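In what comes next, chain A is part of two complexes: it sits with chain B in the first one and with chain C in the second one.
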Partner chain A sequence: MTAIRFGRRGLLGSALAAPFIGRASAQGGDPYVVGTLFPLSGPNAEYGGVFTAGAQLALEHIEQDRMLKRPVRLQAEDTQALPQQAVVGMNKLVNVDRANWTLVGFTAVSKAVAPIGDRAKVIMVNGGAVGPDLSGLSPYFWNVIPLAHLETRALLPYLVGQRGAKRIALVYVDDPLGDAILGILRDELPKAGGQLVGSFSVPRTAQQFGPVAARVRQVRPDAVYIASFGAQQSQIIKGLRDNGVSQLLCSYSAMNLDSVRSLPEANGLIFTGQKVDFEGGDAITRRFAADFRKANGKEPTIYNVNYYNATRLFGLLGQQVEAEGGQLGGDSLRAALLKTRKFPLVGGTGEFDDAGNMMAAIEVNELRDGRLNRLAG
Partner chain B sequence: MTAYLASLATLAAIFAILAVTLNFMVGYAGIFSVAHAVFFGLGAYAGAQVALHLVPDALAACAVAALIAGGLSLCLALPALRVRGEYFVAASLGLQMMALTLFSEAKGLTGGLGGLIGIPPPRLFGFAVGALPLSLAALALILLAIAAMARGSFGRTLQSIRDAESAAEALGKNVAVAKALAVAFACAGAGVAGALFALHMQFVNVESFTLEQSVLVMAMVIVGGTGTLLGPVVGAVLLLSLPAGLAFLPFIPPTEVGAVQQIIYGLAMTLLMIFRPAGLVGDLSRGRSEA
Partner chain C sequence: MDAMLVLQLLLGGLQTGAIYALTAAGFALIFGTTRVFHVAHGATFTLAGYVFVFAWNAGWHPALGVLAAVAVAVLFGIGMERFVYRPIQRHEGSFFTVFVAAFGVSIVVQNLVGMVAGRGFANVDTTLSRAVEVLPEVFLAQVFWVAIGVAVVLFVALTAFLSRTHAGVALRALAQNPDLIRAYGLSSSRLSVLTFALGSALAAPAAILMAMTTGLNEAVGNHVMLLSMAATMVGGVGSLRGAAVAGVLLGVAESLVLLVLDTQWAEAASFLVLFGFILFRPTGLFGVVAAR
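Up next, the complex of A and B:
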């Protein structure tokens, strides 16, 4: 009985002491801290692993190139892609780890942590979520991924001009992403010479698309634009094809998933994405691709690229601030960003606007037999 | 560190309000609901709308949130309470699923999946106040109210309904009214927690009001001890601080941190239920298997 009591006390003691174990080491050295707020457990944990791999490689390169005067430490916090956990993690990064730079992903997480980063003046960089409502969340919140509506705008000239698809129907998820793409198609399609002939919203949780397919067929479009994300995308494609929609399907970069690539019904799908040439690109891109393959034994994805760039940007801006004799804080890093604007990143030069959104070259790809073929851009 | 602990304590106090109010239904009245997050959400959206469009006053936000959550719970409780036991659990599960869809679709009120952003920090009579003292004050008031009710005739009526509903009815207790009032009080408390949550987070979206959240609050009640006054508070503090404490373990690689934390967390919960089946504050003689 005594042993059991000791065990319980030991367990309780360990739980109470746990917060102080890391504290000593956090105060022991003085490396810069890059914090990550990714899902590392739960249904979205795969994304967390992908995001972290890109950031880790960038940190290795920053150290190899001796870009900064101090070492950089990666501090990972598990958000499970949920806002409440993200707020706890962000508070820890800001107040305990004194993070100089944070990486975030997922729209709800980004929105939840933005007020904390804003108050603490800590830079937050998103490389995964594409909701247009992420632009301008805070002066310290930046995006290194083109937001979805920018991709849609880039697709229209190709769609109307080169494929002759003038009558477009939209199937969109009922959220800010879908609403923004609907707005772009309504405004920009007539300017490009096309017409939005129908728009059909679907709930985020919908899995059956037979009725939607019937309504799509009724408006007789030349092409169907799909604005959704995650597992629902392949369900929409299959639902449309199974219910007689044979027209051209098109979308944005979220379609670059294994679940879509391996879907026979997705053959011929056209979608936009960031332009990155791993083989024939510049030295930074080739080095990234080679070292990523060496470290992970597989081809990098665009999410690896984005979080590499998000972390490399810290190295570039930090170098600039250090050279000017400043301290690495939210204000100094932001001032450096707005002063320089253009940075050599993987995929080419990344250019930032006043709100901290990166402009990137967009390409149009076609999915054919599981492989991507570049059509334009 | 202080700011981090204050933020964690605020969340713990908010979830303690949720847990003690759910415990009032489960532990005192024997009404098992898995839809407590719905009323938490109603309060959060109501509080957020008051702060965004009327006045960022915590008292006003909490009052409106309590009225809306308590009032709507009454409308739903009256028909739903005609069923008892596991049938009410199923009814509340249906309510949870329906409410989640409504939260996602009622964009004008909830912001849909995108949620509501830019909620101002709490103020009280024009002065800026921290969410922590507000949450602790609300928790203390609700605990006092529950303690007073539990000792009074209303509490005894609820406990008699919990132990033998038919016998309570035979003795002339108005079971339907007592249960409906218990549900309304508990849900109004959840609404207050929701308003404080919105003011603390400054952002709310539907992902905070899912079935998983309802189950988490139920776990807080069970781990702490059902039918006890302070058990759910202990449960809430433990279930929120344990994962936060595990985040400080320095030897876990970045990509494995989530998985290792979840394994340790799950193991600790299992051990806790083996050695303290009636909860941390519950009676040790209850809950243990007789076999």
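Up next, the complex of A and C:
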């Protein structure tokens, strides 16, 4: 008889796997796969870390609450926030990992992977991208974040009405998100009593904003709207402030990053975001906030919430499908969503429309000394 | 055309150009002397910039921060020469192998910087970069004079070193004929180390200036590397003076193009200049026509 021999590598592997064996056998079966398509490297990698932290906490809670009959495995693919890498990652998640559920972010990435998920009938949930055309992209593409047109509609009345900022200049990244915000401002500003006095497109890779600041100053705006993301939005803020643009700066929820909060030049920045009360909310919200602080040593942001909700939604819908004796696939999960519509999520009850968009209240915040102060909403 | 806008864009372009010139000169020195296509020069830039940001945030004296950034850049450059390029060249040393190895190291450095320093925006908060209105509609920050001054002083010093010292003359000889260097009893490997040390050191002030003006992220080296390569080609391969002038030219072009085109075209201007040179003056500004 051949004896089973363990080498050093075998022992090391066994030791690393040991903590997971008990849990897997308790829940049984092959794990469900939740795939993520986030930027984990490159200038937008900060978002990848923030998005993943929310999803990981939700997976821990799904496991603690034994919501599903099988364990869940997180499979991360690095998109660098670029469509090409995202398509490669999505194909791998769909064809190799057989993902049951995917989490996406960034408008260009979402639009690139949506046809793949649509063909394979894999649910894609967006908690970070805000391009308005992400609504109805596919029956299997859902949004747990209010899209840009909703954020901008909430901001403009405040800007024009309460801050008297009627002449708005836009600095926007040359991608689907930037183009979408340009379109919204062109349409919505006149309705709010304002005027788009200048729009300045910048490539995704642009680093120098001194010359852009000179052009912005020329149009004499009352406020400058910044539509970018990642490291670039901090560079734009610094570039404008360092080069003589002293007017009010405003933006959307992408500004809710540690690197922006800690930037001295961002003091006074106004931006929109979802309304969530971490302290006075329901039990789910309070549990999320407490466990997040414990795990990460800092306050959660809206992106943490969104990807927690996007992952928790998988647990809730999966539980429903399993209880009905079904298999977890795009069609069964979508049917469950349309049947139930309202779900207990962080921030309160999340209600979805026919296109898979979650409705959410929006607030206008001001960044002051690294902290957010609610101004309206 | 608004004269003040022209002046503003010109001044901004000169500041950016000084940073590009320093980086490009380092790359050109290494490539011109050793013929190693040092793609990891961008990683040197990233490392030096982050070391300075770290030192600044830790409350070190700025001079110590500069020294630390230069030291890390030099050590990284020498490390690349000794432990990456030389082993490759000892065996087959094809351009492609060197390129892939350097590119791989750049990706590793990028990810390590992200892991250690965080995957976000990093900058140095200093009043040097805050512009004030010096003329109607013309804003200028103190860092403008720092950038111009540092670039000029370093080029004068480097030119003097290359033309007036034995080591400098030997470096120029290495660029022209490595075999002859050995025939005269000089060590081409030691000269190669010196080249990498000097070229990498030039990236440090550029990275520090970038940390002050536009800020850094872990991927900043890729962008800088592209511009350095473009400047080396526009200046004429092998010409240090050419790379420096081309760096300034690209920075100014990037800025002045906004007078006639949309802001979106700023970066493309550098590469339009490059295409123009490739088509109409392939040897670059100070390049030499090679006989076949």
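The definition used in the following text is that the second predicted complex is superposed on the first by the 270 of 377 C-alpha atoms of A that agree within 3 Å, B and C clash if a C-alpha of one lies under 4 Å from a C-alpha of the other, contacts with A are read in each partner's own complex, and residues count from 1 in each chain.
Note that contacts are C-beta pairs under 8 Å (C-beta built on N, C-alpha and C of every residue); 3 or more make two chains touch, one makes a residue touch a chain.
All figures in this text were calculated on a predicted structure; none of them were measured in a lab.
S.K.: After superposing on the shared chain, does chain C or chain B touch more chain A residues?
M.R.: B
S.K.: Tell me the contact category for A:G48 with respect to chain B and chain C: first, second, both or neither.
M.R.: Both partners, chain B and chain C.
S.K.: In the overlay, answer first, second, both or neither for which of chain B and chain C A:T36 touches.
M.R.: After superposition on chain A, A:T36 lies in contact with chain B alone.
S.K.: Considering only touches as defined above, state whether A:R215 meets chain B (first), chain C (second), both or neither.
M.R.: In the superposition, A:R215 touches chain C alone.
S.K.: Where does A:P203 make contact in the superposed view: on chain B (first), on chain C (second), on both, or on neither?
M.R.: both
S.K.: Would you sort A:D174 into first (chain B), second (chain C), both or neither based on which partner it touches?
M.R.: Both: A:D174 reaches chain B and chain C.
S.K.: Quick one: classify A:Q327 as touching chain B (first), chain C (second), both or neither.
M.R.: Neither: A:Q327 stays clear of chain B and chain C.
S.K.: Just checking: does A:P83 make contact with chain B only, chain C only, both, or neither of them? Give me first, second, both or neither.
M.R.: First partner only.
S.K.: Residue by residue on chain A, keep only those touching chain B in one complex and chain C in the other, then list them.
M.R.: 40-42, 45, 48-49, 174, 203, 205.
S.K.: Taking the touch rule as given, give the residues of chain C at its contact with chain A in the complex, in rising order.
M.R.: Chain C residues touching chain A: 2, 5, 8-9, 12-13, 15-16, 110-111, 114, 118-123, 125, 129-131, 133, 137, 139, 141, 210, 213-215, 217-220, 223, 254-255, 258, 262-264, 266-268.
S.K.: Which bits of chain B are touching chain A when the two form their complex?
M.R.: My answer: residues 1-4, 7-8, 11, 101, 104-105, 107, 112-115, 117, 201-205, 207-208, 238, 241-250, 254-259, 261-262, 268, 271, 275.
S.K.: Which residues of chain A touch chain B once you look at their complex with the stated criterion?
M.R.: For this pair, the touching residues of chain A are 4, 8, 11, 15-16, 18-23, 25, 36, 39-42, 45, 48-49, 52-53, 56, 74-78, 80, 82-85, 87-89, 91-92, 94-96, 107-108, 111-112, 114-115, 131, 133, 137, 174-176, 203-205.
S.K.: Give the list of chain A residues in touch with chain C in this complex.
M.R.: Within the complex, chain A touches chain C at residues 40-43, 45-46, 48-49, 174, 200-203, 205-215, 217-218, 230-231, 234-235, 238-239, 241-244, 257-260, 263-264.
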